[in-house]
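The two complexes that follow have subunit A in common; it is paired with subunit B in the first and with subunit C in the second.
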Partner chain A sequence: MSGLPWFIGKRILQAIVTLFILITLLFFMFRILPGDPTTMFVDAALPVEAREAVLAQFGLDKPLHEQYWLYMKNFIQGDFGMSFTSREPVMDVIGHYILPTVFLMGSTILLAVIVAIVLGALTAWYRGTKFEAIVVSIALFFRSAPIFWIGMVALALLSHRLNLFPIGGMYDPGKDTSSFFGTYFNLEFIHHLLLPSIVGAAYYVANPMLVMRSSMIEIMEDDFIELSRAKGLKERHVIFRHAVRNSLLPVVTEIALLVGFAIGGQVLLEVVFNWPGIGRLIVDSIQRNDYPVAQATFFLMGVIVIFLNLVSDILYGYLDPRVSYK
Partner chain B sequence: MKKTLLLLVTSVLLFLSACSMSVSKESNSETNESIIPVTEGLSEDRKVREIVLNVTTPDYDPVRYEFGLMIAEEWKKLGIDVKVEPLEWNRLSELGMQQKDFDSFTLSWAGRAERIDPDHFVFGTLHSSLSGFGGYNIAGYENPEYDALAEEQRRVSDPEERKEIVKKAEEIFLEDVPYASVAHRDQIMPYNKENFTNIQYMIGEGLNSFWTFLAIEPTGDQKYVRWGYPSDINSLNPLSSTNSHDFQVTRLIYDRLVRISETGEPKNWAAESIEDVNGDGKSYLVTLRPGMKFHDGEPVTSEDVKFSFDLVKEIQSPYFMGMVEPIESVEVVDELSVKFNLKEPFAPFISNTLAQMYIFPQHYWQPILDEKGATGVLEHQNEDIVGSGPFMIDYWQRNQELKLDTYTEYHTPAKVDGILSIPYSNTETMVAAVDKGQADIGGWWIEPIQAEGLEGNESVEVITVPDIGLYHINYNMRRMPFDDKAFRKAITYAIPKERIIDEILEGFGQKANGLIAPANEFWHSPDVKGYEYDFEAAVEELKAAGYEWDENGKLYYPEGKSDQDKEKGIIREVE
Partner chain C sequence: MEGNRLVKLLLKDKLGLIGVALMIFFIALAVFAPLIITHDPQTQNYSSDGKLLNMAPPSSEHILGTTKMGRDVFSQVVAGTRVALVVGFTCALMVTVIGTVIALLAGYFGGWVDDFLMRATDIIYGIPFLPFVMIMVAVLGPSIWNIIIAIVLIMWRTTTRVIRSEVLSIKQRTFIQAAKLNGASSLRIVFRHVAPNVIPLALVFGSLAMGQAIVTEASISFLGYGDPMLISWGKILYDAYIAHAITEAWWWVIPPGLAITLLVMSGFFVSRSLEEILNPRLRR
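This part shows the complex of A and B:
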């Protein structure tokens, strides 16, 4: 019993157990948190009876183990319940916010990875030069500063002072957003997307870049690089055709980790740049004690991280035939 | 040489810091402590336990956090051990509002149109029937004499007569001090004066008021008013919503029989006339304005009005169910008249029921109710929301924007083409948008420092509206030492209200005396005397009640009294 199918099967089973534990933890975690979804009532000065009625409508008046049982039963059937604040099925709620997040996160990570690979390769190639010292210090500076801080400084300088970028949001108020293409494929959207993507990428770039750099340094000492040079290939050719390709392997795992990491940063990016995505939904749902939405968004994060780790493990074998699945 | 220089610098600094010390009466600590008499050989048993003052986190509300710290300092001077404990709002609301597991805590009743009527403050926060789990009588105040007045003001419909009763209730409240009024905070809100003119605002609501959007006029090409707010709405279905911003939006789409005017009085709106049929305040005949239509063209009839009141009762709609509580039955008289029969006279009926209820179209909701029942109505997303108010829905893109178009056939049409309601992630991003000319109205009160930042902007005007909201401190009367009136009075005298206004609110606020804010012009009685900061009076109050101080200045109970429960001082459980 070995080989790829067995390996994948085992890993999927592991993933399922992990997710089960995760959803259970999430369920109890949010209920242990102080307050309940009716803490907002104080603000609206609703009567005591209203609070009781709402708790009953949400089933929160039942004992905890009964609530858990019901939740798990629905969960297995793919039903994440109803949002407490909008009384809409949780999956529909997430559906409203997912696209903006996919676009922002996708462009951030893409930008970070491309820049990381290029700079990682170059810093390795020009090891010991001033160029390397400057690039590495800048990358580490952005990595060490909190993402929201970089975002705020960038906004203050580039948007408020220099008027180069919009101050946030996905487009200027009053734009027609009825069609998908009209919303996401135009210059205005890209203009709004640019600054948060750059800020996010600046923050994420250091890790994969350093991994790329050390991997590259190792590869550069290999014989085949020597050989390519001996063949008389151009230096550029040697770096990008031979060295970079062979150094990419560890970066693949790093990217999987980066995505998990980026979800956390996404929350801050969306708040600072007023981006209408999942990140703000997470913040709002926790503040409003909207358990079903909060649970589902955290669960979704867990699924993404676990899934990507699985994919990177499988991809490893494909990219490097020396790796075997046991 | 260096040493002398250092010495010189230090002494100059010391001198300067001494100069900057305020000489106001409220911070003159030395004389304060010396007026406290010392008794030796007090029994340890009589020592007043350490009390906790819960405040919000500075992040949730810096004002409550700061004045909590300031007040605790004053209480310490009275010889009380005070621990200031900041709590997350959710936790504070659970412990303080629901379980009543606290000693004292700072709270704010936000000023809203429905709180202009004194019933919320006079009855809602103080009647003994509301002191149980979850009730808003947080202090646990129980005084039959007060209860009688609180009930009476609900029955008397003549405003002048009612005002007298409210005043009497306020006087008893001040004598008993179940909670201490601290301040009324001004609402500071920005708008773009270049794009819009004829800005109207009302107490308790500021620029978010219904009247703002009805009156506002464009000056140029910007025909849609862009209304910024630091969060999105939760839902377009007011029948299940519990979020106050949702109602700031849906009240523009649904019409009301009565609306609270800019100055706070109820004003007939969709109702043409309201008649107290027998003059006993038990039945009201409401006649609708003729010719009103819902946004889908159907006429607004008395059937819709009756349906609305019956609907919210049947489905237990959280926001509306309390308002329909006083109603026994609703009868349709003819197409435009409807009669409300109340269980007993209820003075706030017009301002808090008729002025808050929406008119829901029966033809829209009845099929949903028939098909899917109460749950179906509560879970209905209502994205095609149909009302008869001045604005109709165009679209709602979550966390992006909500577009409302002006309903031109409305009886009092708005002057703009519509409203773009834009949610921001927080107040900062909202203020930045107003500053940048991307939003025309900042729909949240901003901090004085943010207002200063907008000063240089020629196109932005910042308004300051006195508020009817109330910052206060709840005392838990179910616990020692707060069960003692003398103790409560003493610590209330020690609240430095003037410093709170000057230093924390930077002048944007007023001292709070009683329950009703001065901004609430009709219901406010200026001759009601509250508590001014008076440290001597605080000490006198305690001395007269028999409290004593040891040589360390710590406070001791009067002879024969001691904390039974050393930790929390509980003497009465929450029911």
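This part shows the complex of A and C:
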């Protein structure tokens, strides 16, 4: 059997297997912790009866293999327990933090991709010139620099010194955040979103830009580009109408990989910019020994990465007819 | 390609030369650190009238100023070079060896061996890197070796994927067929005939791995999980961040960050230059 549906089916199956193994890994990671594992899952401050109730709920009084199945069942049902610090269900806690991350990550990636496509195309077109050398060097500089350091310097320079941007957070203190539109769709939010997005984008732009550049260089050697030029079309027209369009394919796959890769950078970005997202949540929860929240957040990030790897694989197979599905 | 020729071509390339020069600079800094530092990096310094030098700006005595605790920034940054290089080189070496061996076995033997190893690689690709290292270090305790182990556990995946496809194509070449006909054992073919041909490509990814490992260690230290016994560049930045130094003491924030950037960039340069040597089509 072969063909696209078979290929997609197989990849989805693999993703599910990966997910199961990720849960298993989490199960063991949080149980090899030194000391009594129950203290990791049950708040030490709870009274004895409440403590026993929680132990029973998570089956921590049962043998390890039974614990494992219960753990699996709870995870699949989306029951990650209660947060030690806020005493809310973990899912509710994550619910508060997910949207800010989606907005920040979305705008970062969008900005990075647009800039990458434009600069990738231009550096390919003007290859061998000073312009290309400068753009590639700057992109590599930002790709090499630690994202949190760029964030710190940007805050010092642009926020503290020049007062162009807020010094972090999602809105000014005292903001009413009860309504969704009031929180996310106003100038104040965008103003806060801008600097972390620019810093994040500066970090991510190099990879898709270099992919775009190589792809453009390959396309530009094709006969049809020569032909368009020979027809007397304007240079700009040739670049954007013909070369760029045909070079976008590998960039699309790169984007999905980029988002998976961006999760780590997101953690640092959110810490430096005091952004209330899941990246900062995982750091805070580990620091406060809030293990239920930490492992659920880690699991969620794993789900995002696995899903995007899947998307990137399928897109790659779907968009590039040279790939054979086996 | 022979090692000697590879090095020669690398030094001929402008990017490669800058990368190698930067790397040698940092290695020299690390080796001669005890001779270069002007103060003990952990000692608190006081001015002549007995006051703690709290974030004192650069002067002839402290060429990169002092930290909030009155420690000499220049000496801390120089001392941090050692940690960065140990992390960078150890991780790069381990990642390259582990990644290449897995790729050789998977690519050469094919069948269920390949299936099993590649599915394992896919699984590792599903793990969010930085959060994983953070949790591992929180679990195992913040020591530099735990950080290195956690980094290596994830990072071999890239090398394996790339080297495996290279092994698949080398496997088809005539000299491998000839070795087979001569009756060489499989393991001998893999490690004596296939392996030397993938080493240059492994180096491309090894130099990238060096940079990535250094940034990851810095990030972990910045998040507060660094080895408390060591002065690393990430830890210096963490201290500066905690002390809100970004607005007052640029001399405390700029040097360690710049050092990380330059060292990581040198890895990029060497890697890109090696890649162009191996694949001349990428040349301008």
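The definition used in the following text is that the second predicted complex is superposed on the first by the 283 of 326 C-alpha atoms of A that agree within 3 Å, B and C clash if a C-alpha of one lies under 4 Å from a C-alpha of the other, contacts with A are read in each partner's own complex, and residues count from 1 in each chain.
In this section, a contact is a pair of C-beta atoms (placed from the backbone, for glycine too) under 8 Å apart; a residue touches a chain by one contact, two chains touch by 3 or more.
Quick caveat: nothing in here was measured; it's all calculated off a predicted structure.
**Q** Go through the superposed model and pick first if A:276 touches only subunit B, second if only subunit C, both, or neither.
**A** Touch partner of A:276: subunit B, not subunit C.
**Q** Quick one: classify A:160 as touching subunit B (first), subunit C (second), both or neither.
**A** The answer is both, since A:160 touches subunit B and subunit C.
**Q** Going by the contact rule set out at the top, does A:50 touch subunit B (first), subunit C (second), both, or neither?
**A** first
**Q** Does the superposition put A:203 against subunit B (first), subunit C (second), both, or neither?
**A** So A:203 meets neither subunit B nor subunit C here.
**Q** Check the residue A:88 against both partner chains and state whether it touches subunit B (first), subunit C (second), both, or neither.
**A** first
**Q** Counting only touches as set out at the top, which of subunit B and subunit C does A:169 meet: first, second, both, neither?
**A** So A:169 only meets subunit B here.
**Q** Let me test your reading of the model: by the given contact rule, A:125 touches which partner, first (subunit B), second (subunit C), both or neither?
**A** It touches nothing on subunit B or subunit C.
**Q** Do subunit B and subunit C touch any of the same residues on subunit A, and if so, which?
**A** Residues common to the subunit A contacts of subunit C and of subunit B are 33, 155, 160, 271-272, 283, listed in rising order.
**Q** Touching residues of subunit A toward subunit C in the complex: what are they?
**A** Residue positions touching the partner: 14-15, 17-19, 21-22, 25, 29-30, 32-33, 127-128, 140-141, 143-150, 152-153, 155-156, 160, 214, 260-261, 263-265, 267-268, 271-272, 282-283, 286-287, 294, 297-298, 301-302, 304-306, 309.
**Q** Going by the contact rule at the top, pick out the subunit C residues touching subunit A in the complex.
**A** 119, 122-123, 125-132, 134-136, 138-139, 211, 215, 218-219, 222-224, 234, 237, 240-241, 246-247, 250, 253-254, 256-257, 260-262, 264-265, 267-269, 282, 284
**Q** Which of the residues in subunit A come into contact with subunit B in the complex?
**A** For subunit A paired with subunit B, touching residues are 33-36, 38-54, 57, 82, 85-88, 96-97, 155, 160, 167-170, 172-174, 177-178, 270-272, 274, 276-277, 280-281, 283-284, 288-289.
**Q** Over in the complex, which subunit B residues touch subunit A? Could you list them?
**A** Residues in contact with subunit A: 88-91, 93-95, 97, 109-110, 112, 114-115, 120, 124, 130, 132, 134-136, 224, 226, 231-232, 234-235, 237, 240, 242-244, 247, 316, 318-319, 321-322, 325, 375, 378-379, 381, 395, 397-401, 403, 420, 422-426, 429, 432-433, 435-436, 438-439.
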